[in-house]
Structures are given as C-alpha cells and as structure tokens.
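I have a structure here, written as structure tokens, and I will follow up with some questions on it.
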C-alpha cells in the first residue's frame, strides 16, 4: 500500500455522496436521512448529491427510493460478492468508484456496516474520517463535522481541510428524512475489480435474536428496563408497553450483564446509542455510561423509585414511583386511549 | 491516613483485595446474603489473584507467611462483605494448625492446595456442649492400632461442607485433663465423616455453617498434628494467631459501615442542609472513626509482632479481637441509626453490616472469654513481676 | 499463537468535565486507565494463549505515562509490552495512529493475530483497528463477541444491531472486540509484582522506522477546530401525585407534544 503524503487537489473533487446501505435488499433508513441532510449541504456548495448502492444483481430496483429522497444520481455496483456486506469486497469496489469519480464529501451511516467500511476506506484512500457525527455544516467550502467525544462529555468540531473525500459516519436518527424528489435521476453503473484476496472472509451463518422485534437504532419509541424492574420476568411488562406504542425494548448494561435480556437491547456506552422521539427509562438509575447512549432522545420519561437517581437530570418528565406499578398503568391508559 | 509502616508488597495486597471487593463482591453481596449462597465465584477470583496463600510460606506456594498481609486482605474484603470476609479468613483458621504444628510432610501435602485456593479449610473445635468450655469436648478419637476412630459431632463450623481440609480436636483420653485432646487433619470424603444441615443465621449468611458429623470415622495416626495429647495446645496457639484476623474482619465491617454513614450523611438533606453539617451527626461519626482507628492500630500492632517472631502475644491478640469486635457492633449500630429509616431497609447495606458484626463478638472465643484471657494474662504478668 | 494487542491509556471519562468558560478539558485529578474495552482485548488474547500456547505482546502509542497502562497488562499476564512513543506522534488522528501502530507491529515481527478493543472511551471513533488492518493489508473482523481459533482459521461471532453474524477468517487478521466478549481477569499478586519490577521498552519513531511525514499532527488528515460543552440537558419536570395521576399527566403531555 503506497503512502500518498501530499494532500490532493481539492478543486478536482466535487459532489456529495452518501452510502446507500442495504441489508437483505432493503435500503436502510439512515441512507434517506443522509440524503435529506446532504440536500442542505449541497445547496451551500452548489453541487449534486449522489448515492452509492451496492449489492447483487437486481439491487438496481432500490434506486427509485433514493431518487425519491433527493439523489440526483445513483452509482450502482452490482456484483455477486456484494450481496451481503463484507469489508474487503465493499472497500475494494467503493474505493475504486470514489477514486474514479472523486466526490468532495462522502457520508456513511454510523451502523456496524458503515463504521467498519468507512474506517478501512479512509486509510486506503488516505483521507480524513470523522466518526459518529451529530452535526454537519459547510463553512468556507469545507465540511464541519461535529460529534460527541469523551463519553459524550464534550462536543468536537472536526475538518479535513486537505484530503478528499471528506468522510464522515453519521449517527442514525440524528437527521430527519424528507422526501424531495430530485430533478435528475441518473444511474451510473460501475464494474468493480474484486480480487481473490478480497474474499478471504466467509460468512458462515446469521444468528437471529428472537427477542428483537424492532431495530433499536431505527425505533422512534424505546422503552428501556433497568435493574429497578426487579426481576427478569418483568421485561414482559416492558415488552407489552413497547408493543402498545409500537416501540422497541431497550435495556441497561446491568440487566444484560445479569443475563436478563440479550445484548442486542443494550443501550449505552458499551451498547447502542439511540436518539428516538421518545425514550422511557424504567428502573434505570442513569449512570453516565447509560446516559451517553440515550440523552439525545427528543423526549425522555424516567420512572424510578429513587428521587435522587441521576436519570432525572436528563428526563423531560420524571415520575418517582415503582415501575412495577407505573408501567402497567401506562400500558392500560394508552390502550384505553386507543380504544 | 496514618502510616502503619506497611511494606510496598503489603500495600499491594491491600489494594488488590480492595479492587476485588469493590468490583466483584459489592455487586453481589446483597444477593449472596439474601440467598445464603456460598461465594464460590469470588473465592475463585481471590485464588486466581494469589490472595489465598498470604499466611503460607513461599516454600509451600504461599505469599510469605505474613499475618499482616492476611489481615489487610481480610479487612478490605470484610469492608464490603463480612460473610465473604469470614469465608476467606476461616480457611486460614482451618489451615493454621497445619502451619504451626504440622510435619514437613503434612505441610507439603495440604498447604499448597490451600495456598492456591484450590481447596478451602475449616477448623472444628466447638460442640453443642463445649463452646467457651472447650474442655467439655465429647467427640472422641479411640486408638485402634495405627488408626483412630472418631465419633461425635462438631457444631457451627464455618466452611463446613464446602472445605476439603478439616483440622478437628477430639478427646483421646478423658482422664488426662488438659492433655486429653488431640488434633487431627481429616479430609472431606473420608468414610464416616459427614455434614449436618446448613445453619440459618442472623448474619454472615453467605458463609456456610454446618455440623461435622463423625460416625466411626477412621483416621491414620499420621494425620495427628503434633502429638497425641497436644490438642488443646494446638487449639489455643491457633486461635492466638488467628485472633488478629477476626479483629481485621471486624475492623473491615466497621469501616464499611462508616463509609456508608458518611456517604449518606453528605447527601441526606433535612432542615435545609445535609445532616453531616449537624454536630450531633459529626460527633457520632467522630466516635465511630476513632474507635475504628484505635482497633485497627491494635490489630496491626499484634499482626506485626507475630510476623516479627514474638513468642507471647496471647493477651494482645485477645485485646485486638475484643476491641475490634465491640467496635464493629457499636459502629454498625450507629451507622443504621445515622441512616435512620433507610438504615433499617434491606435495600441499603448497613442493616446487613449490623447483622454481620454481631458474630465477631461471639466466635473465636466470646468476648467474655477474651476478657477472661486478658485478666488471666494480667494476673500472670503481675505475679512474674513480684 | 503470537498475538499482539493494541491498547490505549485514556482518562476515565466518567470523571472528565469540560470547563464551560474556556471550553477546555479539565484533566486534573482524572485518573488514567486502560481503555476498558482494551482490557477485554487483552483478556481474550490471554485466553487464546492459555488455550493454544504462544505469546501475548501488548503495545500502545502514547506519552511516557502510558507505561502505567502497559504495567497493568503485565499484571494481567501479558508476556511482552512495548511503549511506542515519540514527540513525532503527538497530535495524531486515527489515520496517523493506525499507521504508527501498524508500523510498530511490522517492526516487532510476524504475528498471527492482532486484537483491539472496538473503540476508546475518549475518541469513541472505532477507526484505529480497521486502519491497522488496512496498513498491514490483512483481513479484519469488527465487533467480535466470540472468537474461536482452529489451526490457521478463526471463527468469529459478530454482535450486529439485530442479529449476530458468524464469519470465518484466515490468520493473520485483525479483530476488534466488544465489551460483551468476556470478563477481564483481576491481576494476580504475582502479576502485580512482575509489573512493578518490569522495565518497559520504549520504541521511538526512528526505531520502528516510521515515516515522520505521516505521523503526528503533520500526518493527520483531520483537524479538531473546536471543542465545546454539549448543550446542557435540564429543565425537566418532575411530576407529582398518585401513580395514576402521574401516568395520566405524562400521557397528556406526550399527546400535546405530538410524541404519541
């Protein structure tokens, strides 16, 4: 791998790309969120927004959705080895594409796919990458990328002045998606050259978690349980409330460590970072490691027996009470409302 | 913090024990107490951390036969949970007779496994009719050729049923009075050696307390510690050496209670300010802290004396155990008082500490026996002076 | 197996605060610790070594005080440790850091497996592990929650958002691990004593033959231009009344806000 010690000629790189992550043939919501945000950035830069869509033959069908959210162009890479995400073939294909068409900005959703891919690509292309951004803006023609650091205790704004593309992974659900059909809808097909050495990692199996009914990071509403719910079987009442509200079930690290629920539900520094419309924390004390994972939620309701629990510091509405009493009541009242 | 002159290695033991206590014991202490569950997981962690052999010489796989290091470990563990603390300390109590009176062969056979924590030990002296009055032992060991047949029941033995290595005192000759008992090493699994039910206790509930039941238990004469007839000497010398350990356990429990009381008093606001700003509370805390420090100073003075090779420390060892245990009971009770209503609730840790503290005034020789012992020593000393 | 683990010494971020007036970090009195997930990586390496034999080498790129972090790894049982330290590395972003670490690894010799924690609790980027893999031109697997080695192959279970993925990857490779992979062992007394006596070898930029045009601040494509305190969360409302009253009140408020 050759080092390219000199920054590239920035002027030759134009356009904002977003990575249209797909899983099992479905474009993920974060791609639409990125497209919507990219429109604003593109207006400031007077450039176009394109989406990069990779998958096996037939993924082209998904291009339509990308145009609906404002992509002027879709770069389409159809190849059998791109059906499921793997680091090497995706990095190979998209790097070749980027070096050919030279976007000035490349936004990728900060999912397990996106963070894995972007980190590898940035070193291959020799460009700057900012992780898990919560804010983007253009100033003096450069992308300013804002993100939390030090466990959410500080915010940092970062730029990549001399290297292209300016890459950033963006936290899902930070930006809102909005349908803005673009005037253009061009598809550019790209044939990547994927080598044998790109195929060393084999996918053996996918293990589904039956307890996961709604993707936590996509959920608009999350009901979370902590040790304060007292007993693992009380996750049933959390699930019921989640069901009634059409939300997902989250959990504190303590309950996951205790084996009450699987790690896919864990919210917090060593779990998932979520920012739903509504987060209801039941029996969760609110240690900083948990808060970091959910404090950017729009509305937070905290239910806890201890009036001094730190969770109340970030709650929009605080209820001091026994969740074993309050949660079923909430479920009951909402059911009544809905009739 | 007062400088007790601990070596760097001893401080390392203290810090490591504290780390394990906070990270591994604290999250589960309430559950262990509630379920009366033996802390095997934690004992495994202590073993892997090389903490089980603090009182055993390096020759047998231990850390260097330091009573001081052992007390530091016991104190830090007990500071978080008295039940785990006594489980840790009682294994030393069970193994100490082997260290003090065993032949090299016996030490080679039993001490390495205790040092590595692979096995635990227990000490069996007490019986239903022989508590403070140890001379009332009724468990017998009848000579039969090269063997002894043991019959009888030991009561309230800490680590009973969980330990593999037991040192027990049995009567070999009722007519010889003080020379009528003998100390034996008996292994779990020996035919005729069984256990009674696990006792339900006020405190130290995770610690296993069981009867040892001997019914025609045949033990080879090579299992005798010292010589036939030395049983009471083995017991007394063992208890002398391990009394500072119980003192350390008591100091630890008291310190843990003080920590909680201060933490609470700083945040509990009544009448517009934290209660720690009230003189009444400060005086209570001051008395508690002073008692703890004095007990600690005495415990480690004795521990260091033993490590330095002192021959006669019976009186001071009794004093350390006496003072520290009375302190633990007093301090934990005061801690509950300071936490008020919350102190009485099981959700808060101090009521358990108060329940745990009580036993320290009772076992390893009741505090009444300790006072007897100190009194006797004073009389003996004053007679020598004349 | 020859395993190398890359760790980072970080401030305990539960204690870090930002001075809202100067917008700088308040580091005084904040203890420096081994990045918690890196402890999981070291633990996993030790378990693999204990099972398959071999050696565990731990390295870190950091200032001189990072030797403390390496000593903790010795106390856990690491066989060899190296501090990669040089003024030339100061101000490195993840690109330059991964270059430096990869260069050090190349210098130290052939390794079968490289383990990293998923991300550091200060930077929170999760970018260095994959960066190292790219520099070394070997495959990577991220978010490992279970690792099984079988001669020259590794079977890895990855913790994804909703499912777990089982993949197979040849050695040598880079794995980044998640916290849920294991429970790091407590250091032993013998380990602590070994750590105390240990003299940590430091490797400079010249000694690892790093190209100083691409290390440190100079070599970093990204630049931090602003640090500020996050918007203060607060002004929440504590509800009162009976449980039923509070439930009715909160539902009303949610409907007002059009949340539900």
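Just so it is clear, A, B and C label the chains in written order, and each chain counts residues from 1 on its own.
One rule holds for everything that comes next: contacts are C-beta pairs under 8 Å (C-beta built on N, C-alpha and C of every residue); 3 or more make two chains touch, one makes a residue touch a chain.
Because the structure is a prediction, the values reported are computed rather than measured.
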In the touch network of chains, how many steps separate subunit A from subunit C on the shortest route? 1
By C-alpha centroid distance to the whole-protein centroid, which chain wins? C
Just the chain pair, please, that has the highest number of C-beta contacts. A-C
Between subunit C and subunit A, distance of the C-alpha-averaged centres to the nearest whole Å: 21
Need the CA-centroid distance for the pair subunit B / subunit C, whole Å please. 42
Could you please state the distance in Å, as a whole number, between where the Cα atoms of subunit A are centred and where those of subunit B are centred? 55
Identify all positions of subunit B at which a residue touches two or more other chains, and write them in rising order. none
Any idea which subunit B residues touch subunit C in the complex? 8-9, 12-13, 16, 19-20, 23-24, 45, 48-51, 63
Listed in rising order, the residues of subunit C that touch subunit A in the complex are 11, 13-14, 16-18, 25, 36-37, 93-95, 98-99, 121-127, 129-131, 133-135, 137, 139-143, 145, 155, 157-170, 178-180, 211, 213-214, 219-230, 233-234, 236-239, 243-244, 246-248, 250-251, 253-254, 257, 259-260
Subunit A - residues contacting subunit C, complex: 1, 3, 5, 7, 86-88, 91, 111-112, 115-116, 118-120, 122-124, 126-132, 144, 147-163, 200-209, 212, 215-217, 221, 245, 256, 263-264, 266, 269-270, 272, 277-278, 287-289, 295, 298-301, 307, 312-322, 325-326, 329-330, 333-334, 337
Which stretch or stretches of subunit C touch subunit B in the complex? 185-190, 192-193, 196
